[in-house]
Structures are given as structure tokens and as C-alpha cells.
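One chain, subunit A, links the two complexes that follow: it is found with subunit B in the first and with subunit C in the second.
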Partner chain A sequence: MAEERRFRSASGAPIALRRRQHSACCRELAVRGPRLQLRSLSAATSAVWLAAYGLFALSQNSMVLSAAIFITLIGLIVYLHFVKIDQESLLVIGSLGIQVTSSYASGKESTTFIEMGRVKDVVINEAIHMQKVIYYLCILLQDPEDPQGVSEVVPLFQSSKPRLDCLIEVYKSCQDILEQRKTAPQSS
Partner chain B sequence: ENSPAPLPERAIYGFALFLGSWFGFILYLIWAYIPETWLFSLGLTYWPQKYWAVALPVYLLVAVGIGYILLFGINMMSTAPLNSTDTITDNYAKKQQQKKFQEEAIPALRDIPISEVNRMFFLPEK
Partner chain C sequence: MVLKVFFPSCCSSADSGILIGRWISEQNSAVILAVVHFPFIPVQVKQYLGELQRVTKVSVSVLGSWSNSKQEKEESLSEFLEDLGTIFCHEPWIQISKEGDSKFWSCSTLQKHSKNPQEEEIILVYYDQRKVMLSHLHPPLDTAGPRAEDASKLSAIFDTVARSQVLFMTDRYDEGPIKLTHWQSDGVEASIIVELMKQASVPACMLLTFLLSLLSGICRSRLLKFWPLSFLWSKLSTCEQLGHRLQHLQVISSNKKAQTQNQLMRKANIFVSLLIDVALGILLMSWLYRKNRIGHLADTLIPVADHVAEELQDLLQWLMGAPAGLKMNRALDQVLGRFFLYHIHLWISYIHLLSPFIEMILWYVGLSACLGLTVALCILSDIIALLTFHIYCFYVYGARLYCLKIYGLSSLWRLFRGKKWNVLRQRVDSCSYDLDQLFIGTLLFTILLFLLPTTALYYLVFTLLRLLVVIVQGLIHLLVDLIDSLPLYSLILRLCRSYRLAAGVKFRVLEQQDGKPLRLLMQINPLSYAGVVQTYRLPTYSCYPRDSWASLCKKLFLGELIYPWKHKGEKQN
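Right, the complex of A and B next:
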């Protein structure tokens, strides 16, 4: 069963949260950000080309114009492949682990898997980020020596930065699955 | 004892500082404005170059301006990144002692772990 709800990111952009329940102990939560807008693409291209034309008018060197075209093309490809994240998804499988996937606009996907033995908890943390205090969801990793301690913090949904209402939905879904760990019989 | 009350010694320090700063200011104005030839004719020849009469205030003001930006930058650099455990706990919280729970007494002050805080805020108790 899949359901999709609309929310806003920390900066006000519209994002969508899609929840799918694959089985009793397996859930997938995906946050999709807005696609690359035609108007921002045209604005960036026009700005670069106007600046190049201004330089050409000053220096009368036609290489400036071809260089601007190259810069625009290569910059767009680099942006789509390395910077623009379309969808970030979280797959929580009860006894197995948590998988975090980021899909870029060029189709590239980068995945991280954290096994359940290392996961202590999934919490909503508040921290200072660039002159603002934001809520963000993070996975707390267990410290092998100290059962109460946290060895590492893995922040999630870094590029879409959902607001608290969306994070609470994701948090509740994750806690449903994580609670089953405690009630399920321990297998070594 | 350390009290901010006015004392005779403090009055004397203040007056000496007042006279000293006026003397320094008048000396700076003499050095900056009076032509070198007049000063040489008086017999005072060992002055620093007049270039410094303009350069030092400029250096000072630029340093103050950079100080604003530097302080802002130092603040940003010492903010813990989002993936550090400093956003969750610190040495004092890790080493805190757990006091025993007593009936009908106010619970002791302690740092509550973030998992517990989250459950209380975001999971509604039925």
C-alpha cells in the first residue's frame, strides 16, 4: 500500500513524502524534492550568456562566447549528476537494517546500508545549521563498548530538509518497526 | 576586597590616564601636521616617517572591520556539524550519576537521553 502526502522543506520548497509498506516489518519512506525548473535553468543560462556577451563587447575576443557555451553545458551536466538530488529514500527492514538511497537528477543513485545491530535509534534532533536551528532526522549508531553511548550520528534527508510535520510522520513509521526489535525474540 | 566603589587611588590613576592620553593625542597631531623643517629647526629630529601618521589609523580600522568578519567566521567554524555526537551529548552528560528515584520527591535534575525525549514529544501515549 502506498500513500503520498505533500509537505514543505525548511526553505519553503514543496516536497512529497511517499510511504509504502512492503510487509509487516518492512517500510519504505521516500522524500521527493521539486524537479529542476525551466525558469531557473533559463535564468542561469541567460545570466551566463549575458555576462559572456558583455565580456565579448569589452575584449572583442570571440573565444569568450564559445567558452560560455561550454561552461553552461558542462556546468549543467555536473550539477545534474553531482548536486541535484531528486529523491531521498529510507528503507527500514525490521530484523535486517536500514538502507538510505539518494537519487540524483541524472539517474545516479548512491546507497548506504546500516545493519540493525549497529542501529541504536532513529530520532529527530535539533541543531544549528547556517544561522538557523533546524529539525532533522538522524540514525544513532551504537557504541560497541558502551551500551548507552552513541558512537556516530548519521543525518538523513540532508538535501530535501523536510519540516517537523513530515519528520514526525517518518519518525512514527520508523519507530513502529524499531519497536518490534525489542519484542521479537533475540537471535544470536 | 574587590568593590567597584570610587577610591582616591582610582581617582589618581584616572587623572594620570586622562593627562597621558591628551598628551599623546597632542603629540600625534604635532607629528602629523607640523612640517618637518619647523620641527628640525626646533632641534627635534628623531621622528618616525610621517607616512605612519596615516597608515596606522588605517591599519587599525581595517583590523576592526576584519575582526567583525573573523568573529562571524570563527563562530560558524566552531558550530558542531550535523553529523557529530556533540549535538546529542557531551562529557558532562556521559559521566552524570543517576540518583535513585524516591517516592513523593521531585526527581533529581539530569540530562535525559534524546530517545526518551523524542518518544515523549512525538509518539502520542494512548
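Right, the complex of A and C next:
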């Protein structure tokens, strides 16, 4: 069963949270950011080409124009493949682990899977980002030597930066599943 | 607690039978390795599993039953399968059944001796057996250590499949009593080329080892240990590079088989790196010798050396005049300038003496480019060092003069203030001087102070020239290091067979149906390119800067000689 709700990110952009329950111990939470706008794309392209025409008018060298086209194409490809994240999702499978996926605009997906044995807890933390204080969700990893210690903090939803209301929904869903591993009896 | 069943995707269309694999009780998961088909004799199956356990050291056992019925579900078959649970007693007995072509299988467990008979959830994880078997899991770099290995559940699964290679050697054309289905049951694959290379590699390795032992015997002979030659070998970077490559060849040609994955990858990386190096070297050589380019190079070498010498002469004439409007001490200026000019004159004469032989020497030296591109680059760096030897000499003269002056000035400055350097206590102590000592000291101090700008200028100019040469040589060595240490085989493997180098796994949720177990697909998450380079970098005799910036500046200021690059094998002075 899937449901989708609209929220806002920390900078005010509209984002959508989609929750799917695949089974009693498996939940998928996906945050989708705004798509690439045609407006901003045309603005950037026109700015680059106007600058190129200006340089061409000054220097009368046609290499400037072809260089501008080349730069625009390469820049767009690099932006879509390495920078623009469309969707960030969290797949929590009880007793297996947590999988964090970022899908880029070009279709590339980068995935990290953290085993349940390494996960200590999922918490909402505060951070100072530029001139603001924002909330973010993070996974605390267990330190193998020290059972009370935390060896690493993995922040989630870094590019969409949802606000606290969205984070609370995600937090509650995760904790539902994480609690199961505490109540389930350990097999001998 | 949740039960996880790892099912190989190649067995999805297998006929009915029983499931064999490994049960990992601490994780409550079952890794299924193969399906044994009817008809079989239970005793023979148990015997086979016992033998397998002995050979692979993996505790393989019968885990459950698999029924693939093309028609409607038969009641008698399901009872028969349950009865099998009593013969091969295993807790819990897993029963998976597939009807027709349906994607959604039903999976249930039979617990006879369970304390709390509750319905536990089952997760069905499909995995590609061949890829998991061939893959090598790289743990995250921060969790390296013995404790972390226990915590990783995935490595247990990868380990189980990798160590059961013997199980996958029996295919369905074998005449044994057991009929299995796994990824290789349609026939064991082999490649003729790989087999031929394996056969050919043994005598090739032996020949190579013999040749290398001869070569290293010659290198270590007493003949080459005499003072001028040994000094020359240590200074030339070509010899270091050749020694490094010799070491690599020894690693490849050793008879011992690689024990761990790391050793195997290192051998493969060294082999591919050597191959590409030699190929590029031969390419360079063919380019140089075509159209007699090397002859042209030799012809332009002398004019270039002449040109450099002329530029230096112009520079010295400029310094002897009023450089940049600064006023020099005329006499000292003339002395130093004439001294260096005479030096350049000597150098030019020697170069002109050598000029008839340059072409021949260069022709033969260029042939050694076939040993590799790195050797050619090292030779280039050495040629630059030899051609700019006079700049090095000037730098040393200028530095020594300047250093002497600075030490003299500092000690006489102490005399000015009535202090002395106590060598025993390594500190500055007060001291009472006689009048004539003070007089001479002050006189010398004044002389040295007023001659300082001239010496300092010469020192500055020659240090800058020397630093320029050092930077050019450093860049060449950086390139050589890059070619030496890049793990090309690992990078190509990551490009073409990315499942072999795994950083982890990723799960994809397949279509679900209510009432049926959760279906997941486990795929291999390959290591990133940066991770590959970091893990499999070949060690080099790297030249990294010996001094930090602060100490380098201090040495320059005091006039101490600088040797900016430190090699790993050098003793500390």
C-alpha cells in the first residue's frame, strides 16, 4: 500500500514523501524533490550563449562559439549525472538492514546498504547549515569495540532537506521496524 | 524472529526435490546452494554431504523441500515432502512450493521442537549464484579488524557460496547417484585459452626465474661495487626504476600460488602494468626511430646545450653590470662573474668534445626505451640532470659561499654583542673579548655585511634556476610514479566485470502478493573507482618531499644545500 503526502524542504521548495509498506517488516520511504525546471535551464543556457556572443563580437574568433556550445552540453550532462538528485529513498528491512538510495536526474542510482547489526539507532538531529539551524535524520552506527559508543553518523536526505514534520513521519516509520528487533526473541 | 531464505535464481525452474545448503543459526538465515532431485537414496545423500563437508569445511546439510508442480497442487506429494522432514531432521524444515508459472511462491516452516509455536515471517531473497561465488567482498575501510568480521552477515553468505565451488563441479551429465541443480548444472564451463595459458605459465615462470637469478647475480657481483660505479648507480634514477621493475618481475615469476585475493590482484596488476609499460615503450621507440627522429634529436641536443650556456653567459654579464638597478660591489662582482664564466667555458668545451659521439650514444640509449615507458622517462630525467649539471655546480658554489657568509655574520654579530656560542652546552654564553679581537671582529663584520648583497643575489639567481630544474625532474618522476602504481587490472575488472569487486549488496523489492513471503532481489553493489585505486595501489619507491615548506624556507634562507625529494630506501642523514 502506498501513500503520498506533500511537504516543504528547509529552503521552501515543495517535496513529496511516498510511503510504501511491502510487508510487516519491510517499509520504503521515498522523498522526491522538484524536477529540473525548463525556466532555469533556458535562463542558464541563454546567459552562457549571450556571454559567448559578446566575446565573439569582441574577438571575432569563432572558436568561442563552438567552445560555448561544448561547455553547455558537457555542463548539462555533468549536472544531470553528478549533481541533481531527483529522489532519495530509504528501504528498511527488519533483521536485514537499511538501504539508502539516491537517484540522479540522468537515471544513475547510488546505493548504500547498512546491515542491521551495525545500526544502533535512527534519530533526528540538529545541525547548523550556512546561516540556519536545520533538522536532519541520521543513522547511528554501532562501534564494534564499545557497545555504548557510536562509531559513525550517516545523514539521510541530504539534498532534499525535508522539514521537521516530514522527518517525524519518516522517523516513526523507521522506529516501528527497529523496535521489532528488540522485542523479537533471539534464536539460540 | 524473521527467517531469511537465500534462494539461487538459477533454481527457480528446477524440478521438485530437496534443498541443500547452509543454515546460519545466529542470523536465522538459510543459504540454499542446490536442489537434489528425485529419485535419491537418503543414505547416499547423507554420505555425499558428509564428504562435501570434509572437503569444503562448510557445514552443508539438507534444509528443506522444494516442489515445482506444473499442474494443480498434489496432496500426496506434500505429505511425502513432509515425511522427508523426518528422515533428514533439520530444525526448521523449510518447504517452498511453486505452482505452475506463478511468481509468488508459498513458503512455510515446520518446527517440531519449537518452544513458542508462532507464525514467523519469511523473507525470500533471490541471488545470482555465479556472481556471488566469483565476487570478493571489500569491507568498509573503517571497520577493518577481526571483531568486525563477526558482525558482518553478508560476508558469511559470500563465504559460503565461494567455498562451495566443489559442489558446483558436478553437472547433470555426471553418472553419480545424486542429481543436482545449481548454476553450473547444465555443464561446467571452461575456456581453452585460460587452460592453455595455465599450462604454459609454469615453464615460462621457471625460465623467467632462472634469467632473473642470473641477472641479480650479475648486479650483485663485486665488479659493480667499486666506488665510482656504485655512486653513479645510486644517483641515476634509471637504475632505481630498473631495480624496481626487476623486483616486480621476481614477484610475478615466483612459483608460489597466490594465497589471498589481495596477493592475486597484486600479481595481476603488476603483470598488466608491466605489459602496458613495455607496449607504450615499444610504441615510443618505433616513433623515435622512424624517419630517424632520434638522429634529429641528437643533432638538436648540442645547439640546445649551447643555447643554454649562452643564456647563462648573458645572465652573468647582466649580474656583473647593474642588475635590476641594484648597485653591486664591483670587485667581488667581477671575481664571481669571471669565475662562473670560465666554468661555463669549460663546460662548453667538454660538450663540444663529446659532440661526435652524442648521436651514437643517444641511438643506443634510445633502444632501452623498449624496457618500458617509465624507463624512457627516467632516462629523460637523467639526461636533463646531466645537461644542467653546470647549473647544479653553480648552485652549490653560490650556496656554500652564501652559507659561509651567513655563518660568519652570525658569529661576528654575537661577538659584537659580547657573546659566544658554547659548543659543549649548545647555547649562547657571554664572553669577554680582548680589544684587538673586538677590532678585527668588527672590521670583518663590516666587510662581510657590505659584501652580502652581491653574494645573496648570485645565490638567489642560481637557487631559482636549480629549483626550476628540480621541479621539471619532479614532474617527470610524478608521472613515472603514476604509471608504476596505477592498478590497471583492477580498474579494467571494475569496468568489465564489476560484480567481482563488491563494496556491498543492494536489495530490490520485487512484486508482492498478500499472504506470500516478502520477495527481494539481492544484487552486488560494485566498489567505486576511487575505492578500487585506494585498495589496490601498488607500492612504489615514492619520491615525496622530504621537508615541510617551513623547513625548506629556513634551509634556503641559511644557504644549506637542499635535496627536495627523498627516496624510500635512503638513509636519513
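Here are some notes:
Keep this in mind: the second predicted complex is superposed on the first by the 186 of 188 C-alpha atoms of A that agree within 3 Å, B and C clash if a C-alpha of one lies under 4 Å from a C-alpha of the other, contacts with A are read in each partner's own complex, and residues count from 1 in each chain.
Definition applied: a residue touches a chain if its C-beta (ideal position, glycine included) is under 8 Å from a C-beta of that chain, and two chains touch if they have at least 3 such contacts.
On a predicted model such as this, the values are computed, not experimentally measured, just so you know.
By the touch criterion defined above, A:152 lies against subunit B and subunit C together after alignment on the C-alpha atoms of chain A. In the superposed model, A:16 makes contact with neither subunit B nor subunit C. Of the two partner chains placed by superposition, only subunit C is touched by A:95; subunit B is not. Touch criterion met: A:144 reaches subunit C, while subunit B stays clear of it. With both structures placed on the common chain, the touch criterion links A:76 to neither subunit B nor subunit C. In the superposed model, A:44 makes contact with neither subunit B nor subunit C. When the shared chain is aligned, no partner comes close enough to touch A:55: not subunit B, not subunit C. Contact with neither subunit B nor subunit C is seen for A:105 once the two complexes are overlaid on the shared chain. Within subunit A, the residues touched by subunit B in the first complex and by subunit C in the second are 151-152. Residues of subunit A touching subunit B in their complex: 120-121, 123-129, 136, 138, 140, 148-155, 158, 168, 171-172, 175. In the complex of the two chains, the subunit B residues touching subunit A come out as 79-80, 82-85, 87-89, 94, 113-115, 118-119, 121-123. Interface of subunit A with subunit C (complex): residues 22-26, 28, 91, 93-96, 99, 101, 111-113, 115, 117-118, 144-145, 151-152, 184-188. The residues of subunit C lying in touch with subunit A in their complex are 1-2, 4, 25-26, 28, 116, 121, 123, 142-143, 145, 147-148, 151-154, 504-507, 509, 512, 517-518, 520, 525.
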